[in-house]
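Down below are the structures I want you to see.
Same chain, two partners: chain A is paired with chain B first, then with chain C.
Moving on to the complex of A and B:
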């Protein structure tokens, strides 16, 4: 049954996966492509550390964005047909819901390995293409591991949301937005009338809990450097 | 302007007026002779102004003391304090206690050096003109319990004493303002040496001690900016400053055009040489410079700071090395070794993030596998 579920997801996601795979392979190479221009080459014929470092930092935001895009796309794709057909196909299968959801999650996670794998190839190629100056080191394994975890986390977050009804999704996203945007607006309005305790902004607090360890999205905000000291 | 300064200024201007009037009277006077006369009189004028300044300051002090209170002079550590007589009993123990605390910090707790840079500024023994008053009344007990008050006291003291710092000491100004743990600061310096775009940072990292000193700004060189940045880097720094107006007219139009259009590094340097000295700062950061001074004081052991105060000749780095009881090369090499030993752990926290993320993935997977009871709709 796993093969059928995997095939179903592959069939509907193959074009998107192709684009993600190309992006995964190309991004690390694009991040270093400028370094071959003469202006960045020192008189000793080397690319200096600061140029490598700053060039990567310029491209850095694209990597968590790509991980997020891959996760969201595959998660929504996994449940797309179920919602469209009113879950008739899943109800006709001789498995329980948890087994069905597990198989579906595993199939999506396996497909996620395509952009992750291509990013790995792109990263190792980029590292091999550069002669790193003394003091800089490449961390391809850690970089790919972070990309894998980030995409897996985003995938599971949206997979869990998409597995439920639209009403549940609405409630969860509503609470999320209320706490962040609504909390900030309410706090700002109240601040005009009464003296609020400093450093107790609920929106800031909520955001910090989400992105700081051990918050769920901490992996998206850590060190995404492929090349570092 | 004081009366004395006014008299001194008037002395020259009146003389000039007299000369001018005489010139008018005799219809013609040789211009070069007039300039020579002015040249001859110039030192006299300068001396008059200097004496007026001294007199002014003495007068201020005399007025200050005569009108309000007696003045007392006391030596505390490397300082001479001139205090209000009625506050001496409070202030001198305060100053001595402050000095003892900082001196102890210098030997044992280098991370607590906050504020000491002002004491470095005041290292010059000529700095004695200090009306001190505002923080009077602080007793020894509260001084020990309120470090913040000590810091403010030191800052005030330093600010008032620091003006007479000779030029070669200026490079030490503000160096010691340390924050964070030492290994964190050194890790920051390590990263700076590796990724800085200044040529000297890379070669210092590679082991060129001269470039370490150049980067720290402790090497006396007339055109230091040339050694800090390679020609291409210099051009890239200067070229954006060459505006169309500068290229169009004026004394520097030719070099400006050559810098802008021909992208000539030499022309850019010629164009910028007038302002590079005023606007360029040492390549290494404040943190790197303070880590160097901290290392020198720490490696010298007890009493290094007093020794530093006692050394009167030499450049900043020579004074530091002498105080630390070592050579300039050994001091620089020791600092570099310490920096290199503190390579930052760039993947710090990765493992715990990994486990936290995997846990969240499992939690979310469990949510998605729950029965329809989890569904609200």
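Moving on to the complex of A and C:
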């Protein structure tokens, strides 16, 4: 049963997975590509820490973006056809809804390991190609772990959202928008009449709770350094 | 409350699909081993009813059971013994026929691969054909193969021949009837094509606007609905031994009327003699005419 669900998802996602896999392998190599040029290598035969950090900063946003893209893509792929057919096939199968959703979630998570695996190969290759200056270390395992966590987090979030009916998604988004935009408008209106505590803007507060530790999306915004002190 | 003893049983089921359509206090019994035709015009709630007792929709109230399993709590167990053909194709378009068979088979422990292959051959389907490229007829055939190859005890077919050409329609119905004759399965088949059901069903239920307006053996339905020309009909009908569906004055008959009745038997002419009327002619209605009259009589302001 699981193998068949996995195969079905693989068949509809294989082109996208191929692109993600190439990106996963290529990004770490492209990020260090300039660092292997002679102009950046010191007389001691090493690239300097400054060069490494500034070069990596240019490429840094691509890694969480790739994790997000992989997560969202695979989550939407898992439920795409079920949505188009009103979930009739899945609901008519002799499995409980929870069992079916878990099988689907596990299949998508397993497919996610393809870009993660390719990123791992790319990262280890990139690290092996560089001779690091004293005081700097490569953290490929941590870097890949962060990518894995980030992509899984985005995948599970979107998987849960995509598995819901349009009505449920509408309610969730409605509550979210009401709390953030509505809260912000209310706050701004109140601000004209009474003295509100500074630095407690509700939209900022909500965003900070999401992305700052221990917020659920912190992994996407934290330290994405493959090479660090 | 007495236990449910039918293959499909619905008791006082209510469901609100939208602001303008609801199922109200639906009671339905499909006996084991029967071929039950579920008739109704488009939009009458046939598909909604099927989705209720297969556990896809949640009823607001009432009790349902399929093959002895409570719905929705045990719908997965009921569906493991049920072959289902939906109103609209629902298979993954990126798969081939062979892949679809393997995907479907993985969910059913009773799947009979040899028989699936035999059906594929009989239906003239090729395993390497992609679902997305199948014609409507080929898709209809494949859905029947998927439903039958799991060797179900119950077949639920939601307008399985709708939009199919006569040849494919015959292939599909023949495959179903062959299976029933071998396995003795129960069949629940919904359709608005009255003549199609007339040939194969032994029970019939008629749904209109979310209400079951009749449920009876096909033979009673076919033989029991009559158009009767009545001379000197009574103004007030009172208690009748049959169900009067409608009465209209008939031009050219003087004080005559045309009555459409259900549950008619020949000795009932005595009723008319008892009220000072007489029966001039009793005309058999075919199933389609009977169906139309039944619907007409069930709707408000029908007289």
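The rule we apply is simple: the second predicted complex is superposed on the first by the 209 of 229 C-alpha atoms of A that agree within 3 Å, B and C clash if a C-alpha of one lies under 4 Å from a C-alpha of the other, contacts with A are read in each partner's own complex, and residues count from 1 in each chain.
In this text, a contact is a pair of C-beta atoms (placed from the backbone, for glycine too) under 8 Å apart; a residue touches a chain by one contact, two chains touch by 3 or more.
Treat the numbers as computed from the prediction; the structure is a model and nothing was measured.
The superposed arrangement places chain B and chain C next to each other on chain A without a clash. Of the two partner chains, chain B is the only one touched by A:53; chain C is not. Of the two partner chains placed by the overlay, only chain B lies in contact with A:219; chain C stays clear of it.
With both structures placed on the common chain, the touch criterion links A:153 to chain B but leaves chain C unconnected.
For the three-chain arrangement built by superposition, the Cα-centre angle with chain A at its corner and chain B and chain C at its ends equals 160°, in steps of 10. Of the two partners chain B and chain C, it is B that touches the larger number of chain A residues.
In the superposition on chain A, A:192 makes contact with neither chain B nor chain C.
In the superposed model, A:139 lies in contact with chain B only, and not with chain C. Of the two partner chains, chain C is the only one touched by A:7; chain B is not. Measuring only between alpha carbons, the smallest separation of chain B from chain C in this overlay is 8 Å. Interface residues of chain A facing chain C in the complex, by the touch rule stated above, are 1, 3-5, 7-8, 11-12, 81, 85-89, 91-96, 99. Residue ranges on chain C touching chain A, taken from their complex, read 54-56, 76-77, 79-80, 84, 86, 88-95, 99, 102-103, 106-108. Against chain B, the residues of chain A that register as touching in their complex are 39, 42-43, 48-51, 53-54, 97-98, 101-102, 105, 133-136, 139, 142, 145-146, 149-150, 152-153, 156-157, 159-160, 163-168, 171, 213-216, 218-219, 222-223, 225, 228-229. Put simply, chain B touches chain A in their complex at residues 190-191, 193-197, 202, 205-206, 230, 232, 343-344, 346-347, 349-350, 352-354, 356-361, 364-365, 367-372, 374-377.
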